[in-house]
Structures are given as C-alpha cells and as structure tokens.
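Shared between the two complexes below is chain A, which pairs with chain B and chain C, respectively.
For the complex of A and B:
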C-alpha cells in the first residue's frame, strides 16, 4: 500500500521533471501575479494587504496547477491505464496528493522569498509564516486533488475548477490569511493556534471524505 | 396538491399576522417583521441542502436515478430559499446595521454557501453524460455540505452582529411571535415539500419522454 502510493507519486514526479512543464508554468504564473500585485498596490498599503496577497498568489497558482495531476493523465490517454492498474483508488489519490505537495513545496521555496523581496516586507516570524502557508497548502492540495477528477468529463474544465474549489476550501483560505498576518506582524505559534487547529481538522475531515468517495470519483 | 394549498394558506396567514397583527418591537420598530420571512427561508434552505447531502450519499451507494432527481431538485429549492434569505438579510442589515453588506461572518459564510450550490449547478450543466453528471455532483454535494454547519455556527464561532435567536437556553421571542414564526416554518416546509415532489415528478416524466423519443 505505502509502496503503491510512493510509486504513483514517483511516477508523476519523473514525468514532470522530464519536461518541467507544469512546475515552470506554476512558478512563472506565481511570479507574474506577485509582480501584478506589487504594481497595483500603493506602498503605503503594503503592510496591511501583503499577507492576503501572498496567500492569493499561492491560491491562484494552485487553482491552475494542482488539477494538472489528473488532467495530464486524461490528455496523455493514460487515465484508463491508471484505473485498471492493480492499485486501489485511495492509493492513487494519496499518490497524487504527495506529488502535488512536492510541487507546491518547490514553488513556495522560490516564490515566497521573491514575494517578500518584491514587497520589501518585514516578516517578524519567518518560520511561522512559511509553516502556515505550507499548512494551508496541504489542506488546499488535499481538497483540490480529490475534487479535480470530478471535472474530467466536463466541458471547459479549467474554468470550472476554481468555481467548484473556492467555496469548499473557504475555511482554509480565511484561516490561513489570518494566521499569516499574525505571523508577519510578529505573533507566535500560540497566537495562531486557533487557525492552525481549524486548518488541521478541516484537512483531516476533507481527507476522510475524499478517501470515502474517491472510488466513485474515478469510476467510468 | 392539497399539501401545497395548505402550505400557501398557512404562509399567507402567518404573513398577515407578522405584518399587520403583531405590534412593533421595542428596539427595531417595524423592521423586525422581516425576521418572520428571513429566518424561516434560511432554515428551509438548510433543510434542502441536508436533503441534497442525504440523497447524494444514497445515490452513490445505490445508484438509483430517483435519488439524483431528489438531490438536485432539493439543491435547486435550497438555492432559491438561501438567495431570498440573503436578499432579505441584506435589506434588514441596511436598516439595522446601516449597510447592505458588511462582511459579517454570517453574511460571508452564507455567501460561500450560495457559491457552493451555484458551483454544484455549474458542474451539472458542464457534464453531458447523465451518469457522470449525477456521480460528480453527488460527490461535490458531500464536500460542499461543510458550508452548511459553517454558516449555521458562524455567529457562535466568530464575533458577529447577527443575533442568535434560538439558543440551548430557549428562544428569545415573545410567545405570540413564536407562534407566527413556527407557523411560517411549517408553511414553508409544506411548500418546499410539494415543490420538491412536483420537480421530481417533472424529471421522471422528462426521462420517460427521452426513453420514448
């Protein structure tokens, strides 16, 4: 079981790093949105809005990028192979989640410092800010990986994904923004404990629902 | 048929009592009367979304098309009721809080709830194949249901201006107001039930026409 999960994640990472298509697009898109935000926000307002904008960058990048994990299988015609492979649907889902988590960690490591530099932001509690974004992204990846197979048979999939994802992950979005601004303004782990507990419990609930429904999601 | 007539008569009776019989309230004056329409509409929409959740789970387990008809119809009605509650709420908010929209936790979470079920219908309209449509939207309904308890509990979790009328310690209303309120909820439940029944019948007939054609 564990082996199957890592097998799938490893397979996807191998395909991804052969062409680096998705990840370079995601990084470029993240940089472009950061730049747009930086241009459109006046200097005097930066400190107040930066936490929200920083999280929005990752939100936009994720909305476009995470669903690629399944859409690529569809485009390359390998989805049916994946379905008949002797691995359980839950393993496929967990494999895709791990693959997306690796992608988002790499993107965070590149975009996070550049965003801070671009906005000339003074982050009081750097590790907490980074940790909060990562935690928010974990929840985001879990939900988006489990919902993206729903649009496989839909028309205009890319447009539909943000529409169905955004309201479901709203609790993660709002808690991450509030924890992130606390961390940037110098709050400690204890000041953000409420948000962190909310993100964690929400993620666990969503993961449970995904594991229960995922064999239906991948059916033909 | 009879159920819907009883429902409409009760609704008119409750509306008459709410608008004309009850006296003005001490702090809110006459504007509080919208409570007898706003809150029942919100409660019925929660009922509708709960139906959608239950019948979505049943559909995934049993794969009976009627379950999909029930879940999509009750989501449709829930969306209508929550939209009306949202509009009435913002009118009331203009009178009581001074602005139509002020991102109160209750307003925010109800808007998110609205987006969940709008997305549910967006997803349904984008998939042509019936089986895939029913299956995908049922899964989305299960995920999206999280917005219902979230908006219900929003006034208790976060600091909110929205009043909490029904508490575990009792209902914060005068006895004659409770009467009107309960009558309205019963009336709207009957209307909801009959509309749901009619909509499911229409869908059944439509699928029979499809079979014949």
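For the complex of A and C:
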C-alpha cells in the first residue's frame, strides 16, 4: 500500500518538475501577493497583520495549485486508469496529499523568508513560526485534496472549490494565524499548544473521514 | 466455469437508462463480443465491468467477485484497452509502463517492458514523451500498458478506433496470442468484420438491452441478423 502511495506521488512530482505547469504559477503568485501586501501595509501595523497576510498568501497559492493534482488526471483521462488499477481510493488520495505537501513545502521555503524580508518582520520564535505554518499547510492540503474531487466534474469547479473550502478550513486558518502571531511575538510551544492541538485534531478527523468516504467522491 | 456473470444489470444516469436489465455469462477462455450501434450501452457495461462505475442495480461478478467491491487481486487480473489510453503525456513510454507495472506488481518489470515495447514496435521510442506520439502509437502503447501484467481477462472497448492498418493487424495478432493462451476476452465494437475476426460469441445490444446472444459461425450472416434485431427493437 505504502509503495503504491509513493508511486502515485512520485509520478505526479516527476510530471510537475518536468512541466513546471503548477509550481511556477504558485511561486509567482506567492511572490506577487507578498510584494503587493508589503507595499500596502504601513510599517507600524506589520506585526499585527503579518500572520493573517502571510496565511492569505498561502491560501491563494493553495487554491491555485492543490486541486490541479486531480484536475490534471481528469483532463488527461488518467483518473480512470487509476480507478481500474489495483490501488484503493485511499492510496490515490494519500498519493495526491503527499504530492501537494511537497509542493507546499517548496513554496513555504521560498515565500516565508521573502515575506519576512519584504516586511522587515522580526520573528522572535522562527522555528515555531515555521512549524506552525507547516502544520497549517498540512491541514490545508489534506482538506483541499479531499474536497477538490467532489467538484471535479462541475462546470464551474474553479469557483466552487474556494466556496466549499473556506467554511471547512476556517478552524485551521484561525488557529494557524493565532499561533503564528504568538510565535512572531516570541511565544513558545506551550503558548500555542491549544491551537496546535486543534489543527492536528481537525486534520486527523478530516483525513480519516476522507479516507473512509473517498471512493464515493471518485464515483461517476 | 464463468469468468463473468451479469445479473439484472441496470445503470441510470439521471433519467437516462444506459443499461436495462442485462443478464448473461461469459465463460473462461471465451472471446465475447458486444456488438451494437453508438449509445447501445457497450461502453457503460465495460466501465462497470472494469470497476470504473458502479451499477444502479443488479450485479456483475468477475472471477466470482462483485465489481462493487473489487479486491486488488481481481483488479490485477484485468487489462483494459479503450479509446481512452490512460497514458500520461508528460511521461515517456517507458515511464508510463514503469508506473503502471509497479502498481500492478509486475515482476522482472524492466524485462517485461522491453519485451512488450519491442512487440509493439515502440522500443526505439521508449524514452520519448507520449505527448510526441501519434494517435496510433499512443494506442499501441495503451495496449502494451493493458497487457504488461498478463491479465486473465482482457477488455477491449473499441480498441481499433484511430489505429492505422498496420497497428490494427498487430492488435489482431496480439489478440490471437491472447486467445491461444486461453484468456478471456470481452470486445466491444460496431464493426461486424472484427466480430468474425476475434470472437466466439456475440451479444447484440441496442438501447441498453441485450437483444440476442449467439455463437459466431462462418455460416451466420451477421449483418442480416444484426440489422433485423436492431431495427426491430
């Protein structure tokens, strides 16, 4: 099972790094939005609004890219190839989640330092801030990877994905912003434990529900 | 012994009845054709048979297992060739077969890929991206993908669509080899000559129903038989 999951993720990464169809736009979009925010926000307000703005960047970038993992399979007709192959729907979902996680980690490694530089932001607990962003992105990837197949066959799927995603992902967004704010101001792990537990619990629940119901999402 | 058992199969898409109370069996080692005009329900049946779509009611059993709950072991025994190639344009021919071969747990994978690409006259293009292939080459590679794991049941859904004469003859040679190994074949087509060429038994379908199932014999005037059934339904 694990081998099938990694084969699916590795195949997607190989295609993505060969074509750079998605990651290039995700990085560019992340850079552009970070620059626009840095121009429009007064320096005095940076520390208060930076966590929300940074998370907005990841949200926009994620909405642009995460659903592509399934859309590409649908557009090429290869989703049916996976459905008839001896892999479970859960294997397919986990493969897509791993693929999206690799993408988001790359984006994070580029956008986060750039965001700090553009805003001249002093992050007191850099390690915790990076950890919180990563954890929030893991939750985001799990939810968006699980929900995007539900609207794959809809005509206005690009519009539907954010509409469906926002209410579901709200607990992750609010907790991540709160924990990130604490980390920027120098708080420690214990100060953010409530948010971290909430993000982790929500992600695990969403992942479990998705794995149990994902075969229905793939049905015609 | 039956390879496939279809019982009271119904498939609806909204108000459209794609398959209406279909019942038949396919014996192990048999070459079974589904012949019918466009919209007869052939592809819908193939999609249910291969586990891509679940039926509205009724059931299909493949090697004794219901397609609603296909195990990995039964899926490994199926090979599907359709007008959709299931190939990744941005992977090479070798990478495509490597990916599917690993999912199907094919042993001695490199050797098998080399063999089948050579058989399909694609070995020289093994490292080329599929997006640079012609339609005929993609279809040949799709056949290689479907046969790589030596399936016991080969499902061919209008496999000659888009193939040139040479590729079509190569496909028929491969089908002969599959038949010689006593593997089961399900073949959908609306071409009568292909039924004579490939199949032992033909089910004539129209409007989601199987009208008649008969053995394919030289003496059978399939054209007359087909037209009388389809036009009368």
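Here is the rule we go by: the second predicted complex is superposed on the first by the 220 of 220 C-alpha atoms of A that agree within 3 Å, B and C clash if a C-alpha of one lies under 4 Å from a C-alpha of the other, contacts with A are read in each partner's own complex, and residues count from 1 in each chain.
Rule of thumb we're sticking to: contacts are C-beta pairs under 8 Å (C-beta built on N, C-alpha and C of every residue); 3 or more make two chains touch, one makes a residue touch a chain.
Source: prediction; values computed, not measured.
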Checklist entry - Should the pairing of chain B and chain C on chain A count as a clash or a fit in the superposition? => result fit
Next on the checklist: Applying the document's definition of touch, where does A:126 land relative to chain B and chain C: first, second, both, or neither?
Outcome noted: neither
Next on the checklist: Once chain A of both complexes is superposed, is A:3 in touch with chain B (first), chain C (second), both, or neither?
Outcome noted: second
Next on the checklist: On the A-aligned overlay, A:143 touches which partner chain: chain B = first, chain C = second, or both, or neither?
Outcome noted: first
Checklist entry - Of the two partner chains, chain B (first) and chain C (second), which one does A:156 touch, if any: first, second, both, or neither? => result first
Checklist entry - Of the two partner chains, chain B (first) and chain C (second), which one does A:110 touch, if any: first, second, both, or neither? => result neither
Next on the checklist: On the chain A superposition, what angle, as a multiple of 10 degrees, is formed at chain A by the C-alpha centres of chain B and chain C?
Outcome noted: 90
Item to check | Partner chain in contact with A:219 - chain B first, chain C second, else both or neither | outcome: both
Checklist entry - If you stack the two complexes on chain A, which partner ends up touching A:56: first (chain B), second (chain C), both, or neither? => result neither
Next on the checklist: I'd like to know which partner A:14 touches here: chain B for first, chain C for second, both or neither.
Outcome noted: second
Checklist outcome for this item: Least Cα-Cα separation in the three-chain superposition, chain B to chain C, whole Å, stands at 5
Checklist outcome for this item: On chain A, the footprints of chain B and chain C overlap at residues 219
Checklist entry - Can you name the residues of chain C that touch chain A in the complex? => result 47, 50-54, 72-73, 75-76, 78, 80, 84-91, 95, 99-100, 102-105
Checklist entry - Tell me, which parts of chain A touch chain C in their complex? => result 3-4, 7, 11, 14-15, 18-19, 76-78, 80-81, 83-88, 219-220
Checklist outcome for this item: In their shared complex, chain A is touched by residues of chain B numbered 60, 109, 112-113, 115-116, 118-120, 122-123, 126-129, 132, 135-136, 138-140, 142-144, 146-147, 150
Next on the checklist: Under the definition above, what is the set of chain A residues touching chain B in their complex?
Outcome noted: 143, 146-147, 150-151, 153-157, 160, 163-164, 166-168, 170-171, 202, 205-206, 209, 213, 216-217, 219
